[in-house]
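Could you have a look at this structure, given as structure tokens, before my questions?
As written, the chain order gives the labels A, B, C and D, with residue 1 at the start of each chain.
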Amino acid sequence: MDATKRLGGSNYVLWGGREGYETILNTNMGLEIDNLKRFLELVVDYKHKIGFDGQILLEPKPHEPTKHQYDFDSASCLAFLRKAGLENEIKLNIEANHATLSGHSFEHEIAYAIANNALGSLDINRGDTLLGWDTDQFPNSVSELILPFYHLFSNGGIGKGGLNFDAKIRRQSIDPEDLFYAHIGGMDVCAKTLLAVEKMINDKKLSDYVSKRYEDWQKDLGNFIHTKGTSLDSIHQKVLNENIEPEPRSGNQEYLENILNKYL
Amino acid sequence: MDATKRLGGSNYVLWGGREGYETILNTNMGLEIDNLKRFLELVVDYKHKIGFDGQILLEPKPHEPTKHQYDFDSASCLAFLRKAGLENEIKLNIEANHATLSGHSFEHEIAYAIANNALGSLDINRGDTLLGWDTDQFPNSVSELILPFYHLFSNGGIGKGGLNFDAKIRRQSIDPEDLFYAHIGGMDVCAKTLLAVEKMINDKKLSDYVSKRYEDWQKDLGNFIHTKGTSLDSIHQKVLNENIEPEPRSGNQEYLENILNKYL
Amino acid sequence: MDATKRLGGSNYVLWGGREGYETILNTNMGLEIDNLKRFLELVVDYKHKIGFDGQILLEPKPHEPTKHQYDFDSASCLAFLRKAGLENEIKLNIEANHATLSGHSFEHEIAYAIANNALGSLDINRGDTLLGWDTDQFPNSVSELILPFYHLFSNGGIGKGGLNFDAKIRRQSIDPEDLFYAHIGGMDVCAKTLLAVEKMINDKKLSDYVSKRYEDWQKDLGNFIHTKGTSLDSIHQKVLNENIEPEPRSGNQEYLENILNKYL
Amino acid sequence: MDATKRLGGSNYVLWGGREGYETILNTNMGLEIDNLKRFLELVVDYKHKIGFDGQILLEPKPHEPTKHQYDFDSASCLAFLRKAGLENEIKLNIEANHATLSGHSFEHEIAYAIANNALGSLDINRGDTLLGWDTDQFPNSVSELILPFYHLFSNGGIGKGGLNFDAKIRRQSIDPEDLFYAHIGGMDVCAKTLLAVEKMINDKKLSDYVSKRYEDWQKDLGNFIHTKGTSLDSIHQKVLNENIEPEPRSGNQEYLENILNKYL
């Protein structure tokens, strides 16, 4: 962290890739989580002591090489940080490949972190959802990145964070040129995705749809439900009095997928 | 809940099997989580109003029929409950099959809930880890239940909760007798597991091993680390002063697995 | 099959979605496979008797609703058909969603079927590789279809087969319009993919790379290895005599992925 | 193979752990399968030339480290061997961990190989079905081995093959004693399983159930269906004439699982 500060770094990632267990038989999970909390408190204290003003980040990862890691996914990290009282001190560094290994899409993990004010930075190395380990490949698909970037940039961007390629080329890519092709391809894919996302955001087709889908929550019944003092009884009474009969509405998934496809 | 109260019920489970999304394209996750929070606040208020003194429980489940559910696993539920300020009002109903669908073992989810003081009750219907949906089968394996029950009963048992079979028989089990065999088999497996776990707990072999593995955390260095006022600097200094050189220790997984096998 | 003949149908698909077992405990797999063989012999005889000149097709699917199906994937079907002596009578109807459920990409199953002269027709409904069941969604991604179609059309096309949408819309898509959007979107994606694949095939960049990678198999050493009468001893002697020292070559995966991206 | 012969070995395993592809983009699958066929022909010729009378074995494995291997599972190997005309020369070495990685239970792969007269030998190192890579752990569960061994020993045993532990201990098991515990535990589990399976076979409860379930295939209608000259028409006519109305029968899965549990 001292070196990061001297180098003007903005982020300090704690990759917990071995902070878990091989077998629950030898493990006191409560004690381990307390120790993890204590360690992070000490790190945060140190950050403030030396005046490092970058972000401290946890990187969710479910397993590999361990059987089970405590920072399994974004939600696991947040459950922990909230219990530890460290939610305002530590953000998340979300990796595409780790997201899918934990059963979530990359865009889910990003949207979830944003909704919880916890997004710090991104590792955009991709995996292969038909394989069960961390392949750490360079990003190579606009269609895989478009929703992650859309969520990111329609919510204020990434702040002090960035897009990290800690990616490596495949075992069979043994020429020096392969590294260039991988970097060039990865950067091109990011650039193309950014151009597409700019259009998506300015067009507002998706965001208008979503606003409209939820707009009733800003209206009478929605406000009433969220008003302090409202109870299940008073909602029940209101529904009877006003003869409220909400009808199911289509989620229009296929329509929205068609719209998304126009940007690809 | 009124009916549950009149019937003397001890638990009221909110199974969120459709509280999620089919596509993130039409979804405002932040708003949905706020609505979920509000709904649960109203439910908890109602519980207190009518004087129902049972537990309110969330049941983690990652997906199926939806693409993604908010109560993905125990950690997701806890992240949510802590944010919503409902951690002391709502506990978890953990299901074996949902645990494995979310990438965790059943014993992990139970141990995690216990370590976080969040365990409410159990659904012990099993799944098939080679299949990707909820098969909801009756428990039929002592070796699958022994660690879940060991964690449960070496930590004070299940309190107001219980062991629920919401299990169903397989599509091809079409005779009335099949339901009897399923119930009898499931209960026998639970009974055998309880007998084995009683021995495990009284023998203390596993618990002594774990206590010993972590005992240094109660000694000088462990206490120092956890003392208020300790910093990374002061730990660093202590390590240098006292020439502390911790050596890696084996996790002895295979030895512990052999011990466990003696109870099966 | 009589109706198919009268309607001028070109294909008759035997979807074996329940031809498997729920539990191996009650199953005589050898006998079941023999019965399946006998059933298919009878079907093939009937086809010839009535003069139906379309294709008879098996549709590989690994499981769901059953625990395990005999037609698990293309290779399982071929192992069976070759044993049964029915390889020349029955081809495969490959579905995108079933391919991924069995651990293969759609393009793998197609390329494998082509390499084994077994491709009959395609169901192009897609799944979700983060989910473990058959979602049967309409195709909505050019980047998912480009390699399947590339393999198909650079190997002579689909003959008597076709592209089937047996797809359905999602549970939440409840408006009549949703079905239109799904069909229109699916057809548009197919059309765009066909245009991209036409360019890929005419450009020959990928096919030239592959030809070049394997061209040594048409040269001296390659021919020698494949000549009747050649033995491990004679290859060994040739390598010594001619001081043959093959060097590892890069697979250039990232370079090739960049080329593919130009067509998307 | 020369060394194996001199040492009196009975088996020679060709582990194809890299015989696959990292990307289908650079791969001519048909040519690769032809080359694999040629290689195996040369190996078989060499075996006969030197008079090695052991078994040559392929070891199915779906992937890792490669993206996709040709010997994906037992069925893939058999499809290949039948096409190559090598079915009588090469058998299979089935590994528990590879079986589950390919989506099959260990007992399925064994029963399938037996039903196809293709079983050669077993690697009994287990995996973890919640993890997506080859953990190669020692066997530690009677309940996981009982069905594999039951199929094996109720079908004549393993012949020239054996039970291989190529297993390794876990990364955290760093004491020399750990290797002993792992071997002892693995052998004990095998021994206990053998004792249980001996009882299962002698009791005949499962085998009698299965015989009875399929016994109609030895009776009039079953024989008629399998008689040369029978056609769908003649079966249809027989069903009408004799008013044959088969009723669905329960698969009794839960009853059979209870019986199995008596041996554990």
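Heads up, the rule we're going with is that contacts are C-beta pairs under 8 Å (C-beta built on N, C-alpha and C of every residue); 3 or more make two chains touch, one makes a residue touch a chain.
Note that this is a predicted model, so its numbers are computed, not measured.
Under the contact definition, chain A and chain C share the contacting chains B, D. Each chain gets a centre from the mean of its Cα atoms; the one farthest from the centre of chain D is A. Chain centres here are Cα averages; for chain A and chain B they lie 24 Å apart. With centres taken as mean Cα positions, chain D sits 41 Å from chain A.
Residue numbers of chain C whose C-beta contacts span two or more other chains: 22-23, 63, 103-105, 170, 172, 251-253, 257. Those residues of chain C that touch chain B in the complex are listed here as 22-23, 63-65, 67, 101, 128, 131-133, 170-172.
Considering their complex, residues 100, 103-105, 129-130, 138, 140-143, 169-170, 172-175, 177-178, 181-182, 184-185, 188-189, 248-255, 257-258, 261, 264 of chain A touch chain C. Listing the residues of chain C that touch chain D in their complex gives 22-31, 33, 35, 38, 42-43, 45-46, 49, 62-63, 68, 72-73, 75-76, 78-80, 82-83, 102-105, 107-108, 111-112, 114-116, 147, 206, 209-210, 213-214, 217, 225-226, 230-233, 235, 251-253, 256-257, 260.
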